[in-house]
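Below, each structure is written out as structure tokens.
You will see chain A twice below: alongside chain B first, and alongside chain C after that.
Presenting the complex of A and B:
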């Protein structure tokens, strides 16, 4: 067993590794991350995860539900640290996995991966408490500066292989029978049972919870499922029909008025503390909102952006979907603007009190053009559509796995914060 | 052993006798000159003039921080009010006015240093520090009795009335754009006013300093014990300022000298006691904070929450914050009175907040639809 595997085993048990090992790990991680562009290319299949926030036991639950590394490929969209009690173990485990399986796991930066924010929201104090000095915090912050700002997932399949799983509620099975239809969205619970299944419906203006509308999808033979349970490795080709779900941009926050093409993200100088304003700040801080155009963000950093902005950006960059995190969603995930953008939130019962469920998003692999790397910024092969119509192309099939908080082991948790002695 | 212990006792006794006597709470033979007016006065700090013997730490005057102080009268069938505010008017009709509301037991001068600092950063902005009833303002009922109704609804109405009375007194043709800033109880007051839409579209945002419904409600139980642990009075103003610093209630001596004298009134014996009897306000505590988080999140306008020490949001605010509904900043180095402890830092944050949300200077990138209409390529 290598030192790295030993460190992984120790961290999986939620035990911190010694300071000198952290130093070594962070050094190796930086060497690896410095080679990555600001926008990392990631091939489907991949499982996309949102905020973790130091909820170590819930991260373990995530791996149980989504499949373990390296069997499942993961893309974590930042906010590994702060607020939860095990930021250190959570981040170091993810970093170890990154160093051990660099092609199997992608980490991008969230707004909490910052010196200023971690000083206030817990990670700094946690490092100080667990090591007696701020050295480990410093090593980690240096890694933060090297994390990519986004990822571009390519080769995702348009249609999901139907899960060979029972329905959570057998009575709902009849209404969700989609044997002769393409599946666009499937939602599974933590036991792998199907909660909802939505067929692809080209007529519907948006994929809503309603499944009553008839589908105009052509009937095709769905190949048998080949991926192991708990993964999205469904690698069969889907007949001769094109099954390319288009590129998916993943960022922690969202878009920036200073960024109209993905290439402009690639040009940023990212190796710095997250600035208070500018493109890099916006990518990590912005939120989509039901407005027209751009708005001020109530957060005091980044912007709000409306459906027109997302659709225009996706069109211009030939994206089918933007996946982002950053906002707590009580249901774990939320698709907006005719499914052109989705928020994925992966910290169940956030901060041990918010009562929300968590979700991860699995994108399957399109085997029909294996090995062909499509460029995602050209006009070739673009489906006829205009800038502001609904999604310009069929997006990727999306399988959400929804899960609750793991039973908490309260040992080692710091005592409840003392109440304010004076508040009037 | 016995001998040893006796020895130890003697030793301890000898040591104890060496300690200075405890400071008495009241000192009847106070060396202060008799000043019969201050005991009954409304006692803005301006009326307090300590003798030279007490000036080791000079008490600072309100006029060092604000351009003027106003007494504003309100007459209605419900009675009569004499409100007290400090004002530095906006320099131009377009400049925003920051309305500052202090916490329970505090005063408008709690914002003294903040008022100076904010004017350095926003030289044209106005500052209006109001004082609640039983805190510098006085309200009488129809029968002439003092009306200390401190319910949240009354306090927010008082604040809005003070604002309108100020406008009338200053003959402003139009109400300036407004930013409300409240500390502690004042935070609950400005949140209530914002939620009720009492300032309509003049309000561009509100800031709450160091109060969260969840932790305030949790702290209610220990509040009386805390109040009982405070001295009930001080022989001199210097002693009062000293106590605030030593107890770390206030951590900025300069601010303590500006604000503490305004918290006290002189007793006939010459010593100083609290102007507001906080423990008698207990009946209102729940009323102040109940529902505050929901009001804070749902009121119209930009929202800023500044906390001292640690991030201790309740569930509702935690969800709201992680959904990006307001701006949160935490100041680990500050105490509860963060506008006094870190006036420059708080002013910096508030100035940014005001600038960011000032509609007169705000320019957002164009909407895609507008660009298309103009025939531009997007």
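Presenting the complex of A and C:
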């Protein structure tokens, strides 16, 4: 067993590794990250994850639900640290996995991967407490400066492979039968049972039928179901109108008024502390909002951006979807603007207080390489791909796995029930 | 989380082996209390909520959210820097109650007024009122458990500035009396009563020295009544409105407490606090703004019964320039969480006026209540 594997085993048990090992790890990680561009290319299949925030036991739950590294190819969209009690273990484990399996895990930078933010929101204090000095915090911050700013997922399948997963609620199975339809969105619970399945809109002649279907679905009005409420397809969208075959841009926060092409992200000098303003800051801080154009962010950094901005950016850059994190969503994920952008949130019961569920987003691999040729392997009822090319491109098939916070004291790790603050 | 709240792995091991901790890591101390806890433990947990609130208040003062030169004297713990969203919440809570109290005091300013603070703990409101309104005559009563009043009185005794403030309001300094066991402080204007609020539901109800039955009175419950059983909480309001201060003397109440226990955040809040042995007994009964209004009306605050959550209060009660000032104090990143937190606390205010005089009706005429209440009772 190598030192690295030993460190991984130790961190998996939620035990910090010694300072000298952290130094070595961070050095290796930097050597690796420096070779990555500002926008990392990632091939589907990939599982896209949002904020973790030091909730180590929930990260373990994420791996249980989504599969382990290296079996599953992961992309984490930043905010590994702060707020939770185990930022150190969470970040170091992810970093170890990155060094050990560089092609199976991608880490990009969140706005909390910053010296300034970590001194306010806990990671600095945690390092100080666990090591007695700020050295480890410093090593980690140096790694932060090398993290990529975004990732571009290519080769994602337009439709989900039909899975033989059982339905969580067998009575709803009939209403979600999609045998003769392609699956665009599927939501699974932590046990791998289907909570919700949404077929793709095929063409204009079918769209009225297809759009009325989700709105009349009984699931939509059921608050206990987490899937549909996060899916804009259930409310405003006529399914996806993204660009078929287009890539998926992953970034922690969102867009910037200074960035109209992905190539402009590639030109940034990223190896620095997150600035207070400018393109790099915006990518890590901005939020989509129901506005036209750009707006001021209440966060004091980054901007708010509306549907027109997203659609224009996606069109110009041949994207089918933007995946981002950064904002707590109670249902774990939330698609907006006709499914042109999605927020993925992976910290369940955030800060041990919010009561939310978490989600990860799986994008499948398109077997046909080209991205918009559908696999025609004899599946019953599959439609001709010519239908698709006629009406333009669809967004990737999206499988969301939704999960709760890890049960306390269940994994043989020092998991004292954390205390959340309230007003008393 | 601020440093003292991150569990130290080493100390966790120590406490598991029965190691003792004092003063810090209160989460660790209480989280182990899975065994059946005694009533005394539960009382202590409620009493300790005062130090928790005091710590939050100090954090706000240090960072410039609030001004309070007296809070430091009552702090038994070093200042912990709370997270920005908690500071914001503490600011909104304190400011909301200040607004209602100020409007009460500045309406008919020459008239004698009375304020009763339930579960006052280390609250400094009386001293802040004295320094802000030196000419106003107000009889002030604080109620709390003996252990809390004893600590407070000891602090007052050893803090000359506080003693001077109290004596200044008295005609004769010798009117200030402290009981032998140092749990009661009485004077014609400032009083600290060591009373277990649950005794209001037993008969006979406790008598309150120096409580005026004819002076317009404001009752304050800042996260206090919610820790009592619903019957006990109702009995207190009933006693004040009937036997202690009978009609037609104007009486009003201002409540600050959690609401909306039925959504994911609310359920988590109730469970998290229960694991600290803090039980919110009236939360479900008065879990929405509508239910709070009905509660006030049926208690006898018949001339006004209003409520708003603290998210609404931040939006509507605080002036824009003040909002900008506060927003600039700290970088606040956690907007979704702040929104959740603020919408799970409310201020409810109700009053019974004396006929046409309408003291409270006038004082609070401009205070905006929240129409929308998305929780179905």
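Basically, the second predicted complex is superposed on the first by the 341 of 424 C-alpha atoms of A that agree within 3 Å, B and C clash if a C-alpha of one lies under 4 Å from a C-alpha of the other, contacts with A are read in each partner's own complex, and residues count from 1 in each chain.
Everything below uses one rule, namely that a residue touches a chain if its C-beta (ideal position, glycine included) is under 8 Å from a C-beta of that chain, and two chains touch if they have at least 3 such contacts.
Since the structure is predicted, the reported quantities are computational estimates derived from the model, not experimental observations.
Of the two partner chains placed by the overlay, chain B and chain C both lie in contact with A:300.
Applying the stated contact rule after C-alpha superposition, one finds that A:126 touches chain C and leaves chain B untouched. By the document's definition of touching, neither partner reaches A:6: not chain B, not chain C. Once the two complexes are overlaid on the shared chain, A:327 sits against chain B and chain C alike.
In the superposed model, A:264 makes contact with neither chain B nor chain C. Using the contact criterion defined above for the overlaid structures, shared-chain residue A:111 touches chain C, although it does not reach chain B. Once chain A of one complex is fitted onto chain A of the other, the partner contacts of A:316 are limited to chain B, with no touch recorded for chain C. Of the two partner chains placed around the shared chain by superposition, chain C is the only one that A:349 touches, whereas chain B remains out of contact.
Touch criterion met: A:85 reaches chain C, while chain B stays clear of it. The interface of chain A with chain B overlaps its interface with chain C at residues 120-122, 298-300, 327-328, 330, 350-351, 353-356, 417, 419-424. Within the complex, the chain B residues that touch chain A are 103-105, 184-185, 210-211, 215-216, 218-219, 222-223, 226, 249, 278, 281, 285, 302-304, 309-312, 315, 318-319, 322-327, 329-330, 332, 336, 352-353, 356-357, 362, 364-370, 372, 378. Residue ranges of chain C in contact with chain A, taken from their complex: 1-3, 5-9, 12-13, 26-28, 30-31, 49-50, 52-53, 56, 82-84, 86, 89-90, 93, 223, 258, 263-269, 272-273, 275-276, 278, 327, 330-337, 340-341, 345. If you check the complex, the residues on chain A that touch chain B are 51, 119-122, 257, 287, 292-300, 306, 308-309, 311-312, 316, 326-328, 330, 350-351, 353-356, 387-388, 417, 419-424. Interface residues of chain A facing chain C in the complex, by the touch rule stated above, are 15-16, 83, 85, 111-112, 117, 120-122, 125-126, 128-130, 298-301, 327-330, 349-356, 414, 416-424.
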